[in-house]
Every structure is written in C-alpha cells, then in structure tokens.
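I am attaching a structure below and will ask some questions about it afterwards.
Chain lettering (A, B, C, D, E and F) follows the sequence in which the chains are written, and residue indices restart at 1 in each chain.
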C-alpha cells in the first residue's frame, strides 16, 4: 500500500436520468467528480492511502462533495475550505448516433480562486510516495498554475514519483497558453499519460500518422511519438489509451505504453454498450499508477486498460470496480456470465 | 424562417419507465405527442414559426398538453378548446427481440368530435407558407375528413405549399375507407411522404418488389413507384424513409426521394441502440419540409434522414435535436465522441 | 388447461435501479422470485391452473410476496405461513464487460427451516397433472431434501408427470452432497432439464467436448450425454438451454432436447441487449412443460426457447410474455417492429 | 367468512407524485380503484370471499387492473372482458387550503357500454351472502341502470342481503334522473349508506338542519332523517359518515347509524394530516358490512368508522389497513407510537 | 387584459426530493424561478400578456429555463441571450422545527454581468401598461442598478404604472448600499410592496412597534408606517404581507394595504401544512397587480392574499393557482373538500 | 474534541417511499442505521473523533454500510469483517392515526454471531475518552453480552467515561433475561439514559406515577426514580426523554436529567409534523454526551433535547443537524423562517 496525493478540482455533476436531454429533465442525478479526485478514489479502492488536495466551498454542496470523497476512502485533511462555489458540470449522456454532451459552469470555483497560501505542500507530501496531477489543474487559473508548480517542486524535494495526465481542455485555455505553462512543468514528471492530441496541444508535439478522431489508430505512430517525448522530457513511462469511437455507446478500448525502452500494446476490449464513459481516462491513470507500484510493466498496462474498460460500465465519475473484477477481466473473462 | 401550419391530433402519451411492461408499472412517464404536432415542434426548433391546429379538451390534461406545445415554441392560437377528452396512447418500449407496443385509447377525443365550425381556415392560413397534414387526421372521424378537405381547399386558395405524410393506421380505418377519402385529397398535395405500404393501403397503389417487413429494401422499386405516383397525382416531391428492422433496438435507417425527376438515395445510418423510435417518421417529415424550404434537394433529404436518425436517440414524440447536431451528423460525424 | 404444482423457495429480490452497483444505490427495486415460483407464474400466464408450494413468513414482506403470486394468478392455498424470514437476494445487473452479480442472504428462511409437517402432499396433488421442482429445493436444507423426496413419492402415487430443473447452486451445497441427494430422486423424474455442468455437478456425469463457458457449444456432445442420461435414469425427455455468453448484454440462445429417441435442436436467437437474464432458465422450463402438454415435441422445444428468449427482455424474475408474443417469435418475427 | 358480491366500475387512477399539480407532472402514479371494487378489496382483507362484477377492456391496461384485484384477493371470475376502454380518473391531491381535484375521463368505458348479456346473475349469486352496489353504477348508463336492477332482483331471489352506498355524482347524472332511477331500487335494499346530501339528490329527501358543507354537523338531524327514510323505504340499517372539513389535510371523522330503531353515534377521530381521502366512504361501507356480519351493531359502526379513518392515512383507493390495526384504533390507541 | 413587463433574474432551482437535506440527496428536483419571473408567470395565468426582461446564458440550461417561461405563457422576446451562466439556488425544504434553507450560487450570472446595451427599453415598453421590478434586480450588480434606473425612466416616459417589491437580500448588498441605490428610484414608483423590515433596510425607514420575527404583528403600526412612506415618496398604493411564522410548516398569512388614504386589512389564512413557501411574496405582488388592474382596492387586496396563500400549497417558485381557485378561497371556501 | 467509542449493531434499513406501506411498494429507500452507530454519527458531526465497533459482513451490502459510516466521518478501523449477513429492518412510516411499523429481520447477523476474538478492546480504547453502548447490544446474543461486558471492563481499565442507553427491545429478549444481564453491567456505567419503562424492564425498577403511554408525563415521578437509581447504581448522570404521543405525526418532546443531585427539566418542543422519529433517542444520547463533554449540565440537557427534536425532522437513522442549527433551536428560534 502506498501513500498517494492528487491535486485538482472536484465538481458537482448534474445529469438527467438515463439518456434524457437537459431540456427534458425536471430532475438531475447528483454526483461529484473531477480528474484527480477520480484517480484518488480508484487508488483508494485498490488499497492505497490517498489524499486529495483541493479547495472546496464551505456550504452544504461542499459538505456533500466531501462526504462523497470520504465514503470512497479518500483523505480530505488537505482540502482547504472556503471560497465561493463548487464548479458544476452538466452531463447529457448520449446514445448511439447522439454524442454525450458536457456543459461546464466551473468558473470562479473555490479551487480556481485559491492561492498558494491555501496549501502547505511540505506537510502534505510528508511520508507520501506518489503525486499525480493533470493538465486541467494549471488550466483553471494562473494561481492554480502557480500552485501546481509549487506542488511539483515540493513533491520532487520530498522524493515522490510524479505522474501527469495531460488532458487538454479547450474550454479552459488555448493550446499556446497550455504549452507555455505545461512544458516547463514536464521536468518534474516521471510518468506521462496522454494521447497524441494532448501531446500536440499541451506540449507542442506534432505527431504524424495518428488521428484520434479516426476509428482506427496507428500504434506504431504512438511508438515513435513516445520515443521522441522520452528523449525531450526524460519521462520514465509514457502511456496513452486508444479509443475507437464507433458510436456514443460502442467503443473499442486499448492502450499503449513505453517504459524502459520497451513498447507495450495492451489487450483490446470491445465495449458495447457503454454506460458512462466520463472518467474513463482517469480510471486508466489510477490503474497505471497502481500497476506501476505493484506489478510488472506489462501487467501494469493490462491492469490499467482493464480497469478503465470496466469504468465504462459504471455510472458516475468514480470507478467502482474492484481489483478482483479487474483481474478477472485481465484474465480474459469477458463473457459476462452472472457471478453468484 | 417560414410560417408553417400543421393540423391533427395530439395525445397524452403514457409509458412505463425504461423497458418495463404496462402490467409491471405503478408509474407512467407522461408526455404529449401526435404526428402533426411532432412536425410542428421540430420545425419550431429549426427556427420556423409554427402553428398547430387542433381541438383540445378544457381541463388540466388539456392545459398540460398546451404547455408542452408552448414550451417547444409552437403557437396555439388556433387550437379550439372544448370537447370531452384528450386521446391517450400507452407505449411499452420493447428491446431486442421484444417489439414496442402501442395501445390506443383515442376514441371520442375532442379533435375527433370537432366540426368545421371549430376552425376558421381563412384566418389561420393568412400569411403562412406551408401546410402539413397526415393520413391520420382524416381517419379520426368523418368530420375530421371534412375538416381536412376544407383546410386543403383554403390552403391552396391562400397559396401555401402542401405536404402530406400518408401514415396508414389500421386501427382507425380500413384501407378501402382510407383510399376513398385520401385519393381525392391528393390533388392539393405538393409533397407526398409515405412508404410503399402507405401508398398501397392509403392510395391504392400496388408496388412490386418492395417488402417493408424485410430487412433489405429495394431502392429501385421505390424509384419506379415514385415515378408512377408522380404521374398520377402530380406530386412535386415524393419521399419515403427506409427502415431495416433488425430488432426492436437495432434498425437501419435511410430514405429516398424523387424531386424534379431526380431520384435521391440518402446516407444510411445504423441506429443501435434505439432509445425511442416513436415520432421517427414525423421528424423526417419536419426535416424534409425544413430542407425543401432552405436547402438543395439533395441536402434536404440528407438533413431529413439525419434529423430522424437522431430522433431515435431521444425519448418522447418530439425531436429535441438541434440544427447544429443534425448538420454534424450529415457531415459524417457518427463517432459519438463527447462534446465538451 | 392443466393443473400444475411447483415446490420451492421464493425470495425477495432487491436490485439497484438500471445498472447501478449496490454500493451506489440509495434505493432498491423490489420484486419477488425463485426458480419454481417463476415456473408457476409462467404456466399461469399460459392458461394453466398453478399451485406454488412453499413456506412464507407471516409479516408484511411475506404478505407482499404472496400478493405478487396472486397477481400473477398462482394459487397460494398450499403455502404454509410462519417461520422467521423470507430469503433475500440482491441483484446487480451488469452491462457489457461487467457481469451481473447475485448476493444471497437466504439462510434461515421459512422454507429452509420448514418440516414435512408443513405440507400435506396427498391433498396438494389431488386432481393435479404435473409436478415440477428444481435442484435448488433439496439444497436448501436436509429437511427440504426430505420434503422434496416425500413430494416426489406422493406425486408419483397420484400419477403426476414430474419434471426437474437440475440447477446447481454452489453457494448452497457441494457437488458431492448434491449427487448423494439428487441421484436417488431421479427415479421419480420424467422430464429432466439441465445443462452439462448441472449433469456433472448434480448427477455425477462427466461430459466430453462440452464447455459451457465457451462461446460455442457442441450440440452433438449434448446428444451423446442425453442418450447416456436416458439410459441410466430412464428420463422420457431431456433438455438443455445453450447459452453463448458474448457479454453481459449480448448472448446467443438456443436449446436441445431428446425425446422418444429423437434429438431436437431449436432455432437460435441473438439477444442484444439483454434486459434481465435472471429467470431465463425457469421460463424455459415453463415453456417446455406447456409445450409438452399441448404441442408436438418439436414445437414444444421451439415454444420453450422462444419464451425464454423473450424473458431476457423483461425485468424481474417472472416472464411477462404472452403466448401470442411467444408464438410470433417462434414464427420468425424478430424484426422488433412496433405493434400498434 | 361470508361470500360477498359487489357490482360497479373500476378505473385507472393517474395521480401526480406527492402534492404536485397535473400541469407540473411528467410522471403519474398508477393505481386502480372504484367504489364497489374498493369495498370488495377491503372485505377481502377482512377475510371474506369477495367477487367483483364488472366489465373490463381486454388489453394491457385491463390486465393490469385485474392483477391489482387479484393481488388483493378479489375473485375476478365474473368480470366480463371486452369493450373499448377502462375509465380513467386523474387525481390531484391537495394540501392545506388547496382542495384535491378529480378529473374524470370515464365515458365510453367497457362497463358503461356493457349490457345485461355480459352477466349471468343467477350463477353469480349462487352461494353468496351479500350484495353491495352504489349510486354510481346505475348512473354510468341506462344499460348499467338496467343491469343494476336485474342484479337486485336476482340477489333478492337468491336471498342475499343488499347494501347500497347512495354516492351522488353530479358529473354522471342530474338529481332528477338519479331520483327516477334510484327510488324504485330502494325496495331491494336492506342497508343504506349515504349522507344527507345523497339522500336529497339521489332519493329526493329534503333534510332540515344539516349542512354537510359546514364544519359542524347536527347529529340529531340525522336521527330524524334516518327515521323518515326507514319509514318510507323499509331499510333495516341506515348509516352515514360525518366529515368535518377543516382543510384538505385536516378533517374530523365520525359516523351515525340507525339500526333496529336504535341510533348510534360513533367515536370521533381527528385526522391530521390526511394522506389520501379518496375511498374513505368505500372503506366505511366495507367496514360496516363486515361489522354487521360479525359484530354487534354498536361495534359494527365503530369498526366501520375506525377502518375508514385509517384509510385516510393510506395512499390509493384501496384500504390497506388490517383488522388488527383497525381494532387497535377502536380500542382508543391513537397515539401513533411505533409498532416494533 | 393588460401588457405587463417585469425585469430581473431567473435562476435554476435545485432542491432535494421531499424534505431531504442536500447532503442526503443524490438527485435534485429541477425548476426555474426568480422574483420578477414569478410575478410574470402569475400574471400570465391571470390572463395578461407578460414580458420578462432579463439576460440568459446560451446553452442547454438557459434553453430549459426559457422553455419553462414559454410553457407558462410568458413572452421571451426581450430576453437577451449570452453571458456565462444562469444563477443557481439550492433549496432545502424544512419541516416543523427545521427551517427551509436557501444556498445561493448566483454570482457572475448573465444578468448580473449584463449591460444597458443588452436592452432597448423604448421598444420593450411600447404598448405596455405596467412595469414591475424588485429590490433584488439593482442589488445584482452596479450595472443592474443602472439598467433598473434606465428601465424606470423609460417606463415613466412611456406612461406605465410602476410597482416595486422592496425585497431586501442581505447576501447581495448591505442596507447602506441598498438605501443609496433604492431611495432615488422611488420617485418612479406608484405601487410599493414590502414589509417593515424591507422599508427599514432598503429605504431607511425606522418603524416602531413592528417586529416581523414575532408571531403577532401589529397592524396599526403598519398603518402609521404606510402613511409616512406615502408622504415621503408619494406612493399611490403601499402594501405588505403579514407572515406569522409558527413553524416551517405552519404560518399565518394576511396582508395590509394603504390606497387612496384608506387602510385595508385582509382576511387571515392559516396555512398548515405549507408545501412550498418560496415565491409567496411574488405571488402576492402578482395578485395585487392583477387586482389593482381589474378589481376594487379591497377586492384587489383579498385576491392578492388568497393567491399567495394558495401559492404555499404549490411546489416550485411559480404559482400554479387559477383565478377560479383563488376566487373560491376569497369567498371563504377553506374546507378543502374534493373538487370533482 | 474527544475520542469516543460506541459498540453495537448497524443494520440495513429498507423503507417504502413517503408513507406507503410495504405491501404497496415496488421500491425501498435504502439507508443504514442502528442505535450506537447513530450516536457515533451524531458525535462526529459535533466535531468529535468517533469509532464504531461492530462486525459487518464482507460483501457489497457490508461495503455500502461502511461507506455510509465513512461518509459521516466515523472511523471503521475496529469493525471486524466477516460473518453471514447484515441485519435488516423494514420501516413503514405511519402518519396521523396510523403508527409507524418496524419489521425486524436481524437474526444471525455478523455482529450477533461475533465472538470476543473479533475485538481487541485494549487497543480499541487506547487514547479514547468515552465509551457508549446500549441495551440492544447485549440482547443480540449471549456472545454479544459477553463482548459488552469485556468492553466495559476494558473501558474502565483505560479510564473512559461510560454511558448506556437502556433501550429495551422486546423482540430480542425477555425482561427477566435483560435484568439478569444488564444489572451486573451497571457498575461500569457513569451516565445512564433511559425512560421509566426501560428502567423497569431492563433494570427491574418499578416506577410509580409514570405512564409512558399517556400523553402527559409526571416529571416529579422521574425525579424520584432517578434519585433511587442513583442510590442503587451510583450513576453520575441519569437522563430520560419525555415523549408525548399525540399521533404518529405529532409529538411533544422534552427531557429530564439528574446530575450532581440537581434535577433539570428541559424546554418543551412541539414537533408537528414528524418526518422520521427513528433514531430520536440516539440523537438525544449523542447530544447529551457532547453536552456533558463541553457544556454546563443545564446546557447539555438543552442541547440534547434540541438535537433530538431536530432529528424528528430529518429522514433516516442519522441526525443530519449541525451544531449551529441545534444552538439556534436552543435559543428559542422555532419560527421556521427561511434561512437564506
């Protein structure tokens, strides 16, 4: 069991029942989620001690959000309380030819307006092993970018392994801004997760022969990109999920990884139907961190891709799949026979 | 933006949650819909001014029905109030091998018992461009047949374009009765929508080589039928959707159209899973009307078929898809990737 | 119309809404079910008089359970009242790569703790035609094994046809215990239903070339096993469903039967998506009993497999499909077109 | 245990959740009910064999309706199947200053359009003790009035006790019509239930000093009316509930009865809050029938008023209170302490 | 029928089901509301043409909000589209000793950040009779204060009657700020609605002998204050509701008004239980405007207080009571007897 | 902030929505609760570190139960995992004249079948201040009685203050058994909570002049009993709530306490309507423990009675009221005015 810290935003998620549209709904299902919180929850389910660092408004909505983290075993001691609001995202879950739709209302959230005084990273990182963040956190505000950098400096000082999920969000910043903020942070990163599009828009890489909008993905092209990325940034591990989007409810799912100069291609899963794909990438990150901490590289990748494949069958941002269930899938049990 | 009038029945739709059966349900989801109302709602969403003409009972159910139209931007000034009841249909949504089931309780509705005195079509059609009706309206009662005929006469007098969706309903009348009522009305019609079965049962056409119950559909046969129909009735445009029924949740979907002696075959969509196929035909009619008013013939057909394909992913009779979403599908974006 | 008796346990079934997990749920859908009760309900829907024999606790939960049987036309006159509790099972309905999960809390139920004094089988079997039980009933407790044996003796005395669904449940007993209890009961059985795994674990048969966990099933191997089983136990009819598990939501479904030395292979159904597969085997047993009572052998098997295929599209343990709907499927209508 | 027959209409009841209004609702709670069916259900719960006579449409809605009766132990063998529809009533449950509202859509129901050929009363009344009807049944249609008369003639021939609940419904007929139909039927009636308003509008009595719309009710006036009614019609028992309407959620509740020249005034209950008052009168009728069959006159009245007081705390038309619960209330236990 | 304009903010309202707390809820009921929008909706229900002026974000939440207004018959032609977000308020509905709780998340809404360029009041007020606003609108932002002032100038220019609901919101501004902004606006106001606390905090009045937190309210003191207010500001009509708060579910409700030097005290209503008191004041304002436009002063006050009493029995911000229902209450029908 | 340990059973609570009866429900609301767990949850909300000691089954239901505790800030490190099942109780929430009903299905739970080897109390009580248990825990089984005794011995050894809630449960044991087990445990107890009935049935006290079933309660009689109890058992503090049961939805609520020879009578609260009274006593115990740890005796009692009064307005076993809300009630704010 390791001690793992993640830093980022957690939001209130409001979504119509089933596949209804927002304009049709007079009730919203409520849950809470956000990239780095999702990673912490998964890792907690895998048996690690996890600490989520953020700032959360001090009202009933904030309280409900914290309860959700507590219920999933995430430590909230380093979550600052205060500020104006919890960010919100509305999720319309699509089906078949109709894509899912995310509508953000996250500006002016407590974390976006937090300052470096809200966090004492030397205390936070004491006796911890791993620090994970994503490209979303520094995109929230200039202050959050500063906080992220400070966290990285302290994490390295304290000897933690650092992972990042590049996760480009065009609603939060431009590619130019992203590159100017994120490139300098890469020197602190050991494990880099992100697809070709993220590498392009967040780090300025121009990949060739890879089109993430196509159904088919060129794995060799990924090998090339990863080798270049490793050369430039010195990442120890680089990984990316490969999503084939056949429809809103039918995806292919696999992943690739470069580690120790070895390139791994995972098993491929056919996910049909998808129940909720939000948080799929986060569950991969969590699976990979768990895998790298406890398994061989090859098994780590297989664990990560199976964990995130299962996430697509679970409602909400959080991956409620257990290690046993994930391992059963890794072993090839995709038959879906009733477990009694 | 055009001013479009539709005439027909709107019903209360009661349906069990999800795929439950009526006998299992102790609650029904409530919405309102009916062929011509559905067309008006779609056209309103596409930016047109729409007017639904009908008669609706003066009680809370009628009030709720009107609110539903108002909420979707449909003008209700020409809806007469009174009579005994709003018609009802119960919808059991099937899945996989089990077909959906519609149970009608629509007899003695206010519209079925309405008379020509309930409507002043010369006022209604003033400053309007297009009039749409379906084969359901005259089937409701002899009085409704008379009202429909009167509406057509006045529509033509006022210079409107007229479209019809033939839409045979065997619970409402026999084919013999349908033919005797509908054939004489065709002289007023510019745009005729209906598949081979409708043409046979409503207009008395005997088509060859087309079996709508088969998975595969012979598009050439449609071309032949359309040419004959054009010759006989002088329709300017004839169109039909082509549904391949693989299961209750999986259909193929495309359409064909004859216009200006050109025969068009649309893109083909694979819809899997279907969320709600009721109103699929109506959303095609609306899409076609919008297309013929604003686009080239070819683009009109593609818009109509994409609009109605999307309808299958939306619960309720009304098509809640936007022009932007439909155009994205027309451009080939069927990947279902999350829109953020 | 026949008079049919079934004996066994009925449980309270608690399941999260849709495909939620138990840990995510703050409400459970409630229904009641259990192998032999499910069979009685189906047979009642097919027009037979059915009698369910069990013991049910005398409180509100027991009352609700009985109401569920009554509502489905099952006679409850021979259900003893008393004991401590109704058994419970929690059902998590999986999707795609995630299997469904059943969590039992059935120990110490009223039926498990019932004694032979709770039932007067000579009265129960008076003027009845058929008796059905499953391998679950004698597995509940030693007392239940005794009750089952007594029931079989009395059923034979009264001249009833006897059917069994072998239905191995590893949470209830070991294979060794099952074999020691069940083998001696086979001499009373006319119709034996069970797959290769059941035959192995419940009756001690070692089959060759059949792997029920594989997607593909070797029908010839079943023919061989059935012939051997017939030789040893003298069954008049032996049948098994063949489930191909592609995923939790996609199965292939068919069945095989040996009767009068003829081996029948049924139509094959592709079920996608599955709505609820619990009770699928029970609906097959009921279909087969109905078929053997009213149809030719071949038609009996087709009715049974179509009935149980439809069950997969219906929520709850009980098969709410009508004879008309089943016959429509038997005739090949798998198109899922709306029934109006 | 007696064998009791009731005759009348059962309807589909659709009501918004909680105290929402119809225009606010996109789902309706579903249950089934109607005066005489409600009486049968109560009497079944009290241990009697009950038979409901009606005509119910042969579709899924009719099937669901019958299941509801079966679940409550009511025999449905004498319910004719066929006709066009099940009547519907929409119920908006008020609160405080806002009254509940019932919107009927019951015209052209199967029972309203049934004929005397649908029922064979000599068979129906064989081996039965008691026949109950209400003033609603003959009001449904002239044919129903005829059926009611025929039933009364046959009931008397077969020696049954006959009770009526006068129950005036102004939406169904005028007072003049009611009087012309109902007065001639009174000669068959032994037990007459109805308040002063019913006596006035249904039987033509002009009462003095009683205003049912007032909060306070003059019990002596009731004594006078009852004596006159007895003289004129020869009723053996006359009873009426006394409702004090303080608000939609707060009522006083008691009853008076004349039997064997003795006038009884029941205990008075303060019901606050009322959960659902629909069916309150029917539960009184059922309680009185049960009481007159098994208790002293005084106890019969107390049982009836306590049963119907409890009904106000139960959702739906049917009274789900048990004999034990009613007796506990009769004994004065109104404290509402938790029963463990 | 008059043409009435209101100006202000409309918010998304999210509330737990029933009386659950936010921290307990995994679903929120959704509706839309805000002081001036609520007034417009009521007036539309009373038969007036109403126009709501605001700015609403251009996304699905904004669209749903507008649909809600359209469904209630409110014209949305003068609602500017754009900006960042729709304000939100979370409502926990209390009960008994536990008060309801409102949690605002309304900062940075589209209306708060709107500018005078978003509205063309000379067009808006053309052919309109009445303009209503509240103390909330200018409190939203300095820009909104400016917009309000501009609206008032133009309204007066166009000859409209102007009403205000003072409505102090301590979360939005201080009393000092409120006084500095609101006092200068009073010269445009004809009808002023507000209790003693509002008069104090918004206009700087120091009232004597009135304590709105007490159960009992001194009506004479109100007469004095109103006379002083009239002298200073020249209001033609001044009115206030009088709420006696016995508990979260039990209030007394009445109102007082000064008009033409006559002081009116309304009927008193005991509201128990309260279903939803949010919007109670707005429904009074709407009732008063309707009353002053169509009734005598005395009847206007009675209509307003009855309308707002009924609002307490209806869920949501909007008053769904009809003129008929309000008039029935005005006439003294508080018995809550079922309306059939 | 103190460190507080509680020991006992936590159950799955299943309850129909609103005030429906079990037999009417096809869904149950799910929550978790039990006397000592409820106390721990309250104390955690008041800012204390709390540890719940129990044994919980190792399946999804057990997991969901633990999540509920974690979400409320209760430490679960000392909860043994294993055994057969989580106990269940079904709750029907009554209203008005109909009492709430609890149906237990708790036999053979993991905690009832736990042994002293499941708990290491010397570790558990290290660095803790207070230990609370109730009369339910030793009633679960002989083994649980032994565990309780062992816990008490170790608690005293470790210097903790000990409180007990006598809480007699007639379904679990007889009064004779209760007395024989509980009396010997009293020597370890500092704070004894329980009403006169508990004192009688659990400790063998015969009280005079107190009838807990009566609406009125004689406070002086309580003073006498408390003095006697103190003399015999040496309790430092004795307290009891006083519930006046007017109906299922309307109670009076207050409490009395003897401490340091001073007798305190609390404020009296009128609770109408009650939303959920289950857990009312536990919330009093928690309030009293918090009060005795942080306030004067008088204030402690007022805090406890206000906390538990508020609990009656909150759904579920757990008291979701905050210190601020409780203090507001203590200060006399019972007006229920909206908190904005």
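For the reader, a short list of remarks on this structure follows.
Quick note on the criterion: a contact is a pair of C-beta atoms (placed from the backbone, for glycine too) under 8 Å apart; a residue touches a chain by one contact, two chains touch by 3 or more.
None of the values given here were measured: they were computed from a predicted structure.
The chains touching chain C as well as chain E are A, B, D, F. Traced through touching neighbours, the fewest hops from chain B to chain E number 1.
Using mean Cα coordinates as chain centres, the one most removed from chain E is C.
Between the two copies, chain B and chain F, the Cα superposition rotates by 180°, quoted to the nearest 5.
Interface residue usage between chain A and chain C, two copies of one sequence, is largely distinct: under half of the residue numbers at the contact are used by both copies. Remark: chain D and chain E have CA centroids separated by 44 Å (rounded to whole angstrom). For the pair chain A and chain D, the distance between mean C-alpha positions equals 62 Å.
Chain A has residues 18, 21, 23, 26, 67, 101, 273 in contact with two or more other chains.
Chain F meets chain D in the complex at residues 18-21, 23-24, 94-102, 104, 169-171, 213, 215, 245-250, 273, 277-278.
Every residue of chain E that touches chain B in the complex is listed here, in rising order: 67-68, 70-73. Those residues of chain D whose C-beta lies close enough to touch chain F in the complex are 18, 269, 271-275, 309-310, 312-316, 320-321, 325, 329, 334-340.
Listing the residues of chain F that touch chain C in their complex gives 14, 21-23, 25-31, 59-61, 63-64, 67, 84-85, 88, 90, 92, 101, 103, 105, 107-108.
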